[in-house]
């Protein structure tokens, strides 16, 4: 923006100098945050290069053999652990979270809505260790003593099911908050228009509100998924951490974040071990980024179903 | 005709049931932390560091971890604040909406806020190796600062947007430089920055995965930036993994402390935010 | 006997007494225009007719609003069938997020179109009623959001007509529109009053003069005066009404 030629400020030269130096500073700061993202990606790629150059990427991703001391760095069971626990969490969390958000926003009175939203907001801030702890106190015994026996199965309780349950409770607030925000953005007059035609509330929700909200709701679910993929502490505490492909929900899993948390930083003298852990971090990051970037693009393009007015 | 009434009933029931289940389990969550943690919570927990044999059930508390967490989160929030204000200023006042760096910066903020904290932990650890520092309070601060930077940027950006367009314009009209505009904007958004600080602090103090490799863990008080420091989330994690029942109970007590700290932060944020809204409307 | 009758109707938002002792009958098959200064309760009264006011929190009412002799506020009133009797036009057009065709078909569909019903015929019929057919017949399946504002408002009218209401409620239906679109809506209203009872709120006195058969003047939640348009607009009895129609207060 051009400065006007007449500048009634006293410290003119000093002001101009400050303006220029501030601009440089701000530019550097903006470059810096881009640099962080780039360097994370580059760093993980470079540091994991030794292992994926030697073993090939498909070889690593598809092999189930995890035996670092003998050079077995197959990631498959960890990837499956992450995929299954995330999938289970989303299946358990998304439908009730979406339904409950709709209930709060479209059915409940303003008071209940505000109270509910506040509570959810508070719970979204609870750290994952606390969720993990709660998993150990409540969910693991529940699975061990009640749910598994009901199917006639013996389990320690540290298993895929517990992991999915704890994750689902963690992402419910995440999904709900975003769905509520999306519903907030839909003009009330649309609901009025539908109701005025004699539609029931549910018809209005189903045919009008959901039609407007579904891109946003999908983004909310994607956000929940990306949260679940990257969650570490809670998963580490309840998943059981056995590197194998589980044959039922009552068997332990070993998601990628737990693998990293358990082994990274110990700097064992096993060749390629460090590089393999970097590779697992890269895989994890890639999984999260796919969802995040997808969500980003989706939010940009699909805001409220092509409505123009 | 009847069909839609039945459908309405079924879905209302489903929705009410979902809400009930969700709120019940969330209340159960808080409830069980309080129920399990409160009995083990005594004065020593918050006033003493672990003494010898703490992890075998002997005396002591988690003051070192409480202080460590506060120092670490405080330092991290400070670093990220110092970085985020110029970043937000840049994307709001110093670059045009469509420009490459502006778009890229907004994109980076969005993407970084979704990067799992364990990745920051791994990356932070690598940076520390390059810088030649071992697991320490400083290492943790740098790592957690990266973790909360996007959170901070978003929160600061939120307030920066609250500043009405006319304000910068009217200052511009007086012939001021952008630097002056920013001074005026900053005064407007100060309460918002306070909220941003608290939100980031809440996020920073609760994260464990990022400090696992970078801050280390110790029974000593956190007195030096270059020494390892205990943190509350990790102390919870280590205590619950102990086979001794008393130590496990202390994990619950520590979780109660951490939850209380975080909940009171988010409550104060809400109070400040609602006060701020009133001001803006007026 | 008129089929819309308001009987000692009061409405409160929390402790605010918004509508006070409204007592008025709406003549059938005419255009009744409600006028009054901003905030006097016109919208609130209009939304009381089809109970959209229920969407607000803390609403209390007493008295009755009778449609065909049935009190819409009675406990066992069937909201859906009451609302179906009234088409609604809002200040701004809000087409539903679907095609032009689906907008008009929305009402018949949610009410369970009778088997073998001719949906295409219905859509065409009501688009014609709303004087929109000629402009859209070639692009029925385009998104409704692509239409101009004026066309959107007529689409909303067609959408309302498609559930076969007896009454049309309109809350400042032309306030977002340009003069030409306004004129088309007004013309359509005058055409429609042969078969519908129309209740419209307006801010514009000249519009009231152009279309009103019957006028209700409201002031601070009360009906001050009501009667045939010529009388209320040209020769009001009350001083406040005089001041309002002369533009002293607004």
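First chain written, first letter: the chains are A, B and C, and each begins at residue 1.
Rule of thumb we're sticking to: a residue touches a chain if its C-beta (ideal position, glycine included) is under 8 Å from a C-beta of that chain, and two chains touch if they have at least 3 such contacts.
Keep in mind the model is a prediction, meaning the values are calculated, not measured.
For the pairs A-B and A-C, the larger set of C-beta contacts lies at A-B. Using mean Cα coordinates as chain centres, the one most removed from chain C is B.
Chain B and chain C, compared by their mean Cα positions, are separated by 51 Å. Between chain A and chain B the centroid-to-centroid distance comes to 16 Å (mean Cα coordinates, whole Å). Our note on geometry: chain A versus chain C, Cα centroid distance of 47 Å, whole angstroms.
Among the residues of chain C, those touching two or more other chains are numbered 110-111. Shared interface positions of chain A, i.e. residues touching 2 or more other chains, are given as 200, 203.
In chain B, the residues that reach two or more other chains under the touch definition are 4.
By the touch criterion given at the top, residues 1, 3-4 of chain B touch chain C in their complex. Chain C meets chain B in the complex at residues 110-112. By the touch criterion stated above, chain A contacts chain C in their complex at residues 109-111, 187-200, 203, 207-208, 211-212, 304-309. Remark: chain A residues 1, 3-4, 6-9, 15-16, 18-19, 22-23, 25-34, 36-37, 39-40, 43-44, 47, 95-97, 99-100, 102-104, 107, 116, 118-123, 125-134, 136-138, 169, 172-173, 176, 200-203, 205, 223, 226-227, 229-233, 237, 257, 260-261, 264-265, 277-278, 281, 284-285, 288-289, 291-293, 296 touch chain B in the complex.
Looking at the complex, you find that chain C touches chain A at residues 50, 52, 55, 57, 80-81, 83-84, 86-88, 90, 92-98, 106-107, 110-111, 143, 145-146, 149, 152, 156, 159-160, 163, 169.
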